[in-house]
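In the part that follows, the structures are each spelled out as structure tokens.
The same chain A turns up in both complexes below, where it pairs with chain B and then with chain C.
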Partner chain A sequence: MNKKNIFLFGIVSLISIFLVACNGGSTEGAEKGSDSDEVKLGFILSLTGNFAFMGEGIKDGIELYFEENEVIDGKKVQLIFEDDAGDPQAALRKYEQLTLKQNVDIIGGGTIGSIAAALRDKVDAEKSVPMINVVGTGNTLSWDNRSDYVWRTSFSAWQYASTAGKFAAEEVGKSTVVVSSDYVAGHEIATDFIANFEEHGGNIEKIIWAPVGTSDFSSYLTQINEIKPDSVFMFIPGADGPRFVQQYNDFGLRDKYQLIEGSAMLNAPSTIKAVADAVVGGQMITNYFPELDNAVNNEFVEKFREKYGKEPDNYAVNGYDSAQLIVEAIKKAGSVEVDQIVKVLEEGISIDSPRGPIEIDPFTNNPIQNMYVIEGKKENDTISFELIKTYEKIQMPKEATNYKEY
Partner chain B sequence: MDFFIINTLSGLTYGMLLFLMASGLSIVFGLMRVINLAHGSFYLLGSYIAYAFVHNGFNFWLALILATVIVMVLGLIIERLLISRIHGNETAQILLTVGLIFVIGDITLWIWGGNFLSIPVPDLLSATIQVGESQFPAYRLFVILMGVFFAALLWFFENKTHVGMIVRAGVDDMEMVGALGFNIKVIFSAVFIFGAGLAALGGVLGGPILGMYPLMEFEILINALIIVLIGGLGSWKGAFIGAVLIGIIDAFGKIYIPSVSMLIIFGIMVIVLVIKPSGLFGEVEA
Partner chain C sequence: MKSTILTIFLLVAAVFVLPFLMSPFLVYMITEVLIMGIFAMSLGLIMGFGGLHSLGHSAFFGLGAYTVVVLSQMVSSIYVLLLVAILIACAFAFVTGLIAIRSKGIFFLMLTFAFTQMLYLIFSQSGYWGGADGLGTSIKPNLGFVELTSPLSLFYLIGGFFILSYLLLRLFVNSPLGTGLQGVMENENRMIALGYNVRNYKVIAYIVAGGFAGLAGGLYAFKTQFASPDLFGVHMAATVIIMVYIGGMGTLFGPVLGAGIYIFLQNYVSTMTDRWSLIMGLIFIALVLFNRGGALHLIQLLIGKVSSYKLNVAKSKGVSLNELAKNKGTE
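Moving on to the complex of A and B:
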């Protein structure tokens, strides 16, 4: 074999091994058979891989809630966590495992959109267990692909992006550059943002699609510097996001153009830990932030800090609320039968969330909730986020809006 | 104009990081005929270890030196314990070094977790330099200078020193060098840990720019392999030219042809390999 071929063979083998490795995972707490004195809840989360920080937050939230609610209507709760490592195929395998071998009563999952979509199709086809979508923010899960068996406790892309578009146009300025990760969710967010930004009199100067895994954003930053917009709207989840924020700061753009962040990563503890001062002055749209002042949240933050020694993030609250919704639904239905649970959910359930009261909208299977705009501040060497505007009770339209898609 | 300057500088910054990584890979291959796919893991380890030091209150420069030295020691252990056993067996080398990628990757994941981390820019270089109406971070300029410095060092080492002469001879015919009474094993080890050190240095320098996160070793490795293929195996000069080329193309490709910028890099690789199969500066026959 000649040397170059070996080299290329190396690359190929590497990539294939890497792909295979991505499908790996672990099984926790396997125990066969269903017990009528137990409620079995199976969660398929991304606990390793690129989205581990999301999966971990969700798991923290779920465990916190069930620590205080170990028993529902006299039945002991058994939690089973499975790792999908950010891979939809792995999530489907875990789904089989949980429904066939473990006989779980309710499924929770969907750390990222593609996994939520994959699980949704399976759940909708089999109709054997209801699913709580813990994050997966795709609009289509509320519109064209809405399933009676799949309920979301987090938020939809539309809720974030339409609020961000309105805020940017009304409160910041009429010209903006959109920087978005070049994948499904990025296009969805950009579509909703742009439509609402233009609706409120704004003008999109440029849309930059950054490939997922972009390590150096400097070319894009120099383009922004040429345009000199009022604001820059970014939607870059994952590890690329903090890197963008850091480079935005390094290249001196932070003080010139208002950064508006749309994937709720700017105030994440991991972001602040990684980029520190670069988040100061940045604004972010979110459905939750730990500094939010209400009785439920104050108590939640205190409990969370006590158990984990850190601040809760959006994902922790999404996990906590998913757990809360499951418990409320089971209590109201008085059973864990799938049809009973679905019936109860279709009547509409309200829960007291740390993010403020939320109501699960039976038309879109998505919560009606407040949206907050917050801004990074630095005082005495600590970075915190301050509320600058609240948009109350944002409800998704019942059908897909006829926007031009980007 | 400043648009052009800043993008060139950005491209050079990225290119220099890739150069530090790719030159070690290339030299090790040239001399030892070892395809060390785990070279990217040295980059990863360098940045994570430096992060650990900085996070525990060490200053950046000390962390830079300590991380590089630690990775060199690890490189020595890996070379002596594992790689030296399978000289000449190319399939085993690939399997072993790919295995090492996953072992090292999982160890870093275990210790530092899956979140994006970043090393703060040292205070000394935290300023920005005004270029026309735009700004360019001083730290990036420093990275470019470091890249150029190491290229010069490699040139000096190769052409002006006794050891460099032995290494050059070794690239052509290792057995002959051995027959002349030089200790091949020591030369191998020395070159290997030197390469590991360069990769680690690249990792530390890249920490404040690219940060670190699981699987970043793959991104870096793929780019480094392309650079080595373009520049030619066994040649640090080729790695230098290849790295600068990739850096610049990456920077401008993102602006003018964003959807196919990665494709161009592969396109160039294909063209170079068709026209000159041994790469631009290839010293090893394919």
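Moving on to the complex of A and C:
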């Protein structure tokens, strides 16, 4: 085979791509101009990869809600789920697919912070669809990078960490050691925690930055044992977290220094399965936990168990509330026009969430919600979590804080 | 040479006509295919013509993308941005190439992988350039006399760069330098015995490949207006190797075809099911097992079969191929 032939085949293959493209073009023409008696909702979630457990939870919550609300204002809801595999670049590609090809009316997405940030920039630049940020907790999305077109239904890092800081200083003791994963969100959480802890009279003894992927925490635990603080604040999401909790217990620190967990992983079924009794006595800050006693949640938990055969987690509730917010906004606006939806959201919407009543704050595009402190308990060989304190209606500051950054 | 001109002509015609026949989303997809095509061609150059199997080619792509995104806060000219992107990628290729090329095979692979991982850690851990969250920009390609804002103009711009890259790489492969490089791949010892400085050939090819990957990365930043450390990830590096393999190694156009197949498959399969990676994996295993040379060779084989069939027909009738064609015309 000489070179000339290879060129020829190159040309042939190009033409074949060309033909495929032509075919695709003609079939898509028919899809366009979607009939107006349908509402198309597109969700870009991390359904495979490291963050799949988050994406799956959100999807469960969304599907549960729309199972009972198939029709909004006489329009049938069509759900489209796309997988970004935890990659912001893939999420941007799916965004183009949903807006250009499927013509969706509202976008949901942002399972992790980097994807939320990437999608936010795109949505804000194009202003063609509103976006519901389902998780992405970065504070800046409420402050400097706030967009009129992007609304968060989960929570912000500040809401978690400031509550944790206040609780630790007021209820546990004035000295603490902070152990945090060494990455963007870890630094953000530590900054907010430390500022609020010190504001309420606390004193930070030491800050430990654990690299992501740490499996042996023994040197850090030895240091903690020498300092003898009142409490230890940990923010270690992912697979490292349960390892830390296990080793904290193995080193005998569990009964000496109060463990306060800040990434809502302590009560996750996977954590309890991995470390069992080690979570007992640990305290955790969260905006939701399945044992929460209110009418909406009791009903939600029951429906969730029935459909999926498991307990709902924070992500399922985020998905459920995202769906609820979308439906409320469309009903109130009476249309799916982007400007109408944004206008309605800017007036402030309240929804009855399983996590208690929440109100979407038009100044920060973030929900005003209760924060709960819960503690692990063991009764008759089953581990459950008990509410020990509620902080009501935690609202983000309207302007960026000027905390010292760590 | 005549066929090169013909190919270029056909490419220009295809790029010009395609958007009129496609939906906006397909234009977007083909834009991505063209960018990844440049990227895959550059890796195809060192893999298929130099025998250098690199698992670190995403380093240059990522550097190109980050250069454009970071510098776009200060400069708006596309010429400056892309030139700097290419130069930085070339410089990184020069430094790492000098070290990595001392080893061969799996050791070369691991070294290039290590360099990319270093960049991944630097970009995801450092406080500058957005850290693990990545960095966005609002830059649009500014040609000096006109700013390209529509997706269609971006398609033409990237189409132009694609054709230019193809032409330049084609010239490189056909040049004495390129043929020397192929000689090194086929029999390094003989080339040394003939007095060639083998290492220089490899390093130069590595730098050229790095430069084109940097260009692809820069163009990618114009398209997505966003760069994140994932660009340096092992996933990206492996993806482009797969593109080269399924398209056809040892050819220039094969990797482009591979990029097209990969991107379209991934997009359509992942829309159909959550278990898309499993299906993609099975398809790739099948492609590697049953069509050793890649998709381009498969097409080659099919055409070869057709022409040999014609030859047989001609033989049975006792005439030459030309006469057979003439007879067909008169019948």
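FYI, the second predicted complex is superposed on the first by the 373 of 406 C-alpha atoms of A that agree within 3 Å, B and C clash if a C-alpha of one lies under 4 Å from a C-alpha of the other, contacts with A are read in each partner's own complex, and residues count from 1 in each chain.
Everything that follows uses one rule, which is that a contact is a pair of C-beta atoms (placed from the backbone, for glycine too) under 8 Å apart; a residue touches a chain by one contact, two chains touch by 3 or more.
Everything quoted here is computed from the prediction, not taken from an experiment.
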item	value
Which superposed partner A:101 touches (first chain B, second chain C, both, neither)	second
First (chain B), second (chain C), both or neither touched by A:296	neither
Chain B versus chain C as contact partner of A:183, first or second or both or neither	second
Touched partner set for A:207, first chain B, second chain C, both or neither	neither
Touched partner set for A:48, first chain B, second chain C, both or neither	both
Partner chain in contact with A:117 - chain B first, chain C second, else both or neither	second
Touching partner for A:87 - first (chain B), second (chain C), both, neither	second
First, second, both or neither for A:387, with chain B first and chain C second	neither
Set intersection of chain A contacts, chain C complex versus chain B complex	1, 3-4, 6-7, 9-11, 13-14, 17-18, 21, 48
Contact footprint of chain B on chain A as seen in their complex	1-4, 6-7, 9-11, 13-14, 17-18, 21, 48-50, 52-53, 208-209, 211, 213-216, 218-220, 222-223, 225-226, 238-239, 241-243, 246-247, 250-252, 270-271, 273-276
Chain C residues touching chain A - in the complex, by the definition given at the top	3-4, 6-7, 10-11, 14, 18, 21-26, 28, 30, 32, 124-125, 130-134, 136, 138, 224-226, 228, 230-231, 235, 251-253, 257, 260, 264, 267, 270-271, 274, 276-277, 295-296, 299-300, 303-304
Complex contact set, residues of chain B against chain A	3, 6-7, 10, 13-14, 33, 35, 37, 90, 94, 98, 101-102, 109, 113-118, 120-121, 128, 133-137, 139-140, 209-211, 213-216, 218-219, 221-222, 225, 228-229, 233, 250-252, 254-255, 258-259, 262, 273, 277, 284, 286
Chain A residues touching chain C - in the complex, by the definition given at the top	1, 3-18, 20-22, 24-25, 28-29, 32, 47-48, 82-83, 85, 87-89, 92-93, 96-97, 100-101, 113-114, 117-118, 121-122, 125, 138, 182-184
